[in-house]
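Below are two complexes that have subunit A in common, paired first with subunit B and then with subunit C.
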Partner chain A sequence: MTPSGISRIPVVRSVLLVVVIWCAASFIYAPIFSVLRFAFAPEGDIGLGAIGELAGSRRVRTAIVNTLVVTGLSVITVNVIGIFQVAVLEYLRVGGRGFLRFAYSTPLIFVSVAAATGYGFVYGQTGALTRLLQSVWPALPNDWFTGTLAVVFAHTFLLTSFHFLFLRAAIRRVDYSTVEAARGLGASNMEAFVRVVLPVLLPTIFATTLLVTYKSLGSFAIPSVLGGRRFDMVTELILTLNSLRRPDMAAMLSIGLGLAVILCIAAMQYVERRGSYVGGSKTPVPIERISIASPVVNLAVHAAAYAIAVIQLVPIALVVLFSFAPARSIATEVLPTSFTLQNYVTVFSQSTAFVPLKNSLLMGASATMAGIMISLFVVNLAHRHANIGTTSLDLSFMAPWILPAPFIAIGLILTYDEPNLLVANRVLLGGFWILPIGYAVVSIPIMMRFLRAAFFSLDPALNEAAQSLGAPASYRFLRVTIPLVLPVMILIAAMTLNGILSEYSMSAFLFNVNNKPLSIALFEGARSANPEQAAINLVYISLIMAFSLGIVTLADRYGLGGGK
Partner chain B sequence: MIELDEVSVRYGSHEAVRPTSLRIETGEFFTLLGPSGCGKTTILRAIAGFVPVASGTIAIDGRDVTGIPAERRGVGMVFQNYALFPHMTVAENVAFGLKVARKSGKDISRAVDAVLEATGIERHGRKKPAELSGGQQQRVAVARSLVMGTRVLLFDEPLSNLDAKVREDMRHEIKRLQRDVGFTAVFVTHDQEEALSMSDRLLVINAGRAEQSGTARELYHSPATPFVCQFVGAANEIGRNVARALGLDTERRHFVRPEHVTLAQAGDPDGVDATVADVDYLGSMTRVFLEALGEPLQCQVLSDPSVDRLAAGMSVKVNLSRERILSFGGPS
Partner chain C sequence: MTRKHWLAGAMTLLCLLGTSAATAEPLVIYSPQGDERAVWIAEEAAAAGHDVTILTAGGGELFDRILAERANPQADVVLGLIDAAMATLKAEGLFQPYVPNWAEGLPEVYRDDADRMVYKFWQTPVVIAYNSDMLPEGDAPASWLELVEDRYAGKYVIGPTTWQTTKTYLIGMLLRFADDGGEISDEGWDFMQRLYDNAIVVDSADAKTAAFVNKEAVIDLNWFGGVGRQAGDVGYKAVVVDTEGGTPFIAEGIAVMKGTDQLDDAKAFVDWFGSAEFMSAYAARFGQVPVHPDAIAAAPDTIKRNATLLRPQPIDWDVVAPRIDGWIQRIELDIK
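What follows is the complex of A and B.
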């Protein structure tokens, strides 16, 4: 670096600081303020009229009941399946563990609108599995897979990723010598599990339960695609109210959702802070899987383990297989009989099919770049100069973590549907940039969490060593800090881009003809009766999964289990 | 030469180092010895410039460096885990400071080659730190500072997370490097054996306070305080009954080292009556735990057949050589 480069650093830093503060003011504080203003004072006078109107609407009450019922049921079913899966993978001796682990890991790559569309494709009116089930049970109606049943079923098999990541990690930390000690004191395997292993896992189970609650309360893509036209959850209703030009009710309902979510997160933090039991043992013995003595139980466990694997794998397998099948075979065959690359060629050559992919990549890449730069700047600043100013900046960008996407989306809409001074008196709504801005806002908290962890795990002695060798601060940042956090940064960027490719909540609120993203194209494709459209959808889903698979594999190799 | 004049360091309201003066000669191997948490690292970091002093001045080779930032002190630091840059090769690590100083490429590679050779790691220049053994990593850490022309190296417990055998080898390694290159070493450890075996001179610190400085022999044979007496080598504090029996002033505290307690003949009139409580066989030496006039007393003697016969419960007589007793406090 040249001497003039060094002297310019403070100037560059001040300019960046101003830009970052402007971002926080425009895209976090202003939207939050708009939501509060529209919810409590739509006409200028403060009042709670919106609450009364919401309570008076039967559709709203039904949506709230639906959301609560779905969440209550999902928490139970996801825990049953998730805990069983972890027991099968880590505690019991079950054959074909590698295969099961692969099957159980698929919720990591089969997410959001892509998964919902995939389930719709196989269980829907003309879906291959619906036809298969009808051949066994002819009385089954074509549209059996809708409403609460469909949504809870999809949640059950798609939200087990938290168990796969966190509960498995927790059971691996259990010191097996404590199990052996319990056995030595006369406990059976089952008693040892219940009395020694389970209590250690309880805080983690509680935390994953809260994560499932949080995900289910804010579930959007799954009920939109699978719920059917007469079934609404709260998120969908916020969107509907917004399009019915009732911003006050939409804002108030999103506040309600936000409060429920914040409650979940607060409880989760409390559990995290209370801490998990870290064994006092200096040399923990890795847990050993135990054989099931009773042949009947053993058979039942194997049957259940493989049934779950099949339920999780079959939709994915069918989506991928049919993506290579001629469009006409969709809805007519249970398994494709001939294969072609035509659908892939269509997606990459026909502009209407390619545009959503291009839009999502472009918006995702811009949001990711902006997000990484802001996160890097804020985290580094707060790491090096911890004071009230930097901490509040840090917390400002973390705020969207506790706010559901519909809340932020409504806020952005209400702030930028008319000329706003913050953005030089322009109207952002209806333009290209509002959606990538929304993507960046919701992605930054996760990026910051990982980046902060990377910064804190850096050995401070490295920085001091560089300092005592004569390196000034800017040189240390560029030559020591950045190279060391670079792998994490690249991985975080890829994970963010991956998330944005199938992001549905922000997209549903903020998209328009100029920037229709992949997730909306998927949603629309799922509703179309045209097999060509369905085929294109399958290609989209397969591409998203392939990308996710790559990222998850890399993340796993570098020891970054998905974020919370 | 490093001079600390009444230097104190505070963390908030906690005075981690009380006003301390200290003089370290050029080319000397100087050790800061004390129990964990006594302020050794803090003194080292004050010399390096990583923590500001609350009062006093620090001078290096006559230059007052008290207000000078770490990057311009010209003092090298060898961290506990060596702090090698993991993303750079050994040669790049060593070249780091020269690059910061914007030396020409040719000068850099010449200087790096020379110092790699001087420290005996010329064959590892292209490796990453993770591929080296602990000893080699330590040499890189030293080389990285030496290449800058640094002649003062600070070591913060560089041996503390190594196992016993490697640790001993590394002691010799550091001493050899220091002798060959001739730099001034300021070494921090809480291990008295390590300190005694390596240092030209040392400073014993207790709870942020400098207790005594001197050569290993001075500290061992003429400790200035009860703390130094007990921390440097082992020492028995003589109980009241034994002190009275020996005619010592009971207003003062008296210590005796275990090797200066000898087992006497049964009829020795100067001997003190004692009972054997336990015997630790250490090979060439045997440590005998005694109870003399109801007070614990340790003695360490060469193993021989007469000592081998000792067993718990036996009555013996012990002799404490008068001129070896170390007395502190009160009127003398």
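What follows is the complex of A and C.
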């Protein structure tokens, strides 16, 4: 680095600082302010008229009730299935553990709108499973899989990923000597599990419960695709209100959703903080899996374990199989009888089919790059100079973590539907960039969490060594810090891109003809009666899952978020 | 060179750039005329020397889009949106005055003598039709108000309120319960609730078609041209009812967007599109009824017959337009 280069760095950093502050002001604070303004003072006078109108609307009330009912039921069903899965994998001796672990891990790669569309494909009106069930039970109506039943069912088998990740890690911390002691005192397996193991797991179960609540309250793609006629959840209604040109009501409802979510997160933090006291012993005896003595119970557990695995695997298997089948076999065959690559050729060669994929990759890549750069800058700044300024900058970018996506989306719409000085008096709504901006805003908090963890685990001696050799701060950052956190950065970038490929909440609000993303193409395709369109959808889902599988495997290897 | 010269030179250059850009880029037209209609219009326009790109989308979606783009309009010409939508866009100041050369001879209701911006070229009744293979003539509804009766439960389909057609018949029915000030009575909202409760409510064209394919639905609430298409797609014979109390008519208009950079091309396109020659050709091909007497005169006999087939329900769109948003909100939030 030349001397002039050294003197240039503070200038570069100042410019970057200005850009980052501008980003926070334009894409976090301005949207939040717009939402508050439209909710409480749409005409300039402060009032709560929107609340009255929301309460007066039958459809809004029904949507709130639906959301609460779905969330209440999902919390129960997801916990039952999730805890059972963890018991099967880590506490009980059940044959075919590798297979079961694979099946139970699928919610990590089968997510959001891709999963919803996949479920719609197999359980929907002309779905293979619907027809299979009808051959056994002819009275089953075509549209049996709809409403609360469909949404809770999908939640039950798609939201167990938190249990798979966190609860399994927690059960491994259980001290097996306590289980043995309980059994020595005459407790049965079941009693030992309930009286000894579960109490240790309780804080984690609480945390996963809150995560499921949080996910279910903001559930969007699943009810949109599977809910059917006359079934709305709150997120969908925010979108409807926005399209009915009632931004005040949309803003107010998104505030309500935001408050519910914030409550959840606050509870979660509280439990997390308390939970660290219930860590189990320092030198635990690793847990050993227990054979079930009673043959009847053993059979029942095996049956249930495999039934769950089948329920989770069959939709994925059918989606992948039919993606290689001719379009005409969709909706006419239970299993495809011939195979072809034609659908994949169509997606990559036909512009209308390829455009959504291209759009999503382009928007995902730009959002990820911008997000990583902002996160890196802010985390590094806050790490090295902890003061009020850097901390508040850090917190600003963390804010979207506690705000549901519809809240931020409505904020962006209300801020940028007319020329705004913050963006050189341009209109962003209707353009290409508003959606990637939204993606970046919601991705940054998670990036920052991982990057911060990576920064704190850096060995300060390396930096000091470089410093004592005379390297200036910028040089140390580029040549010492960056290479050390690079693997984490690449992994986070890949995970973010993976998430954006099937992101639905932000997309549904901000997409337009210039940037139609994959998730919206999937959603529209799911409502089309055209088998060609269905075939294209299956290819999209398969591609998303393949990409996710790669990322999860990678994350697992680096010990980030994944876990055996 | 003096400063003045510089300025003049720059202006000339700008003008040159302007014209070259105008001739290089096709005229952008927003229209809800989809599929083969848009393709055919574009081909005919090209044959007549107009270089156009037609962006098609649902009427409601297009309307929202034009409003959203108001600060940065992408379209040069809007065609095919109906009375209420055109009235709103005009009120928002999005149009450029232009009186087409075919305005003369157009009946007054289709002209825009006050603002000289929006001129109508087609009219379409929004009708009740029924599948005569499934429903005997005597059992068909004789009026829109009969749809709420038990015998029609689950036999007709209501589409999304973003569709112009859906909006039109809902408004047509609500207006029967309006007082002089345009307020809808409680009885009217009651009726609307029963209308929805009695219907198959869908959110896509495919779902609507599916209801007819499954033979659940036998009554089609549709615009006149759509009736035949729906029947053709599904494969049944459709009969249109001349209802008691009249049928709501909608007329589609054309207007030049304010701020277009290709004003002359836009005007030329509007003149060509509304001409009796093109209108009658379009009528012959797609069965649409034009409003210009010259165009009707040049159209095939079936079109002439269709032009007077149904009794219209009198609707004053100027009064209705500003209320529509509120009504649709109420339907969406309280009734649907």
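We adopt the following convention: the second predicted complex is superposed on the first by the 548 of 564 C-alpha atoms of A that agree within 3 Å, B and C clash if a C-alpha of one lies under 4 Å from a C-alpha of the other, contacts with A are read in each partner's own complex, and residues count from 1 in each chain.
As a working rule, a contact is a pair of C-beta atoms (placed from the backbone, for glycine too) under 8 Å apart; a residue touches a chain by one contact, two chains touch by 3 or more.
Since the model is a prediction, treat every value here as computed from it, not as a measurement.
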item	value
Subunit B versus subunit C as contact partner of A:D143, first or second or both or neither	neither
First, second, both or neither for A:E191, with subunit B first and subunit C second	neither
Contacts of A:R59 with subunit B and subunit C, given as first, second, both or neither	second
Partner chain in contact with A:S243 - subunit B first, subunit C second, else both or neither	second
Of subunit B and subunit C, the chain that contacts the larger number of subunit A residues	C
Contact footprint of subunit C on subunit A as seen in their complex	56-60, 125, 229-230, 240-241, 243-246, 417-419, 426-427, 429-430, 512-513, 527-530
Contacting residues of subunit C [partner subunit A, same complex]	55, 57, 64-65, 68-69, 71-72, 162, 201-204, 206-207, 209-210, 325, 328-329, 332-336
Subunit A residues touching subunit B - in the complex, by the definition given at the top	459, 461-462, 464-472, 475, 479-480, 483-484
Of subunit B, residues touching subunit A in the complex	48-50, 69-73, 75-77, 79-81, 83-87, 96-97, 100-101, 141, 144-145, 148
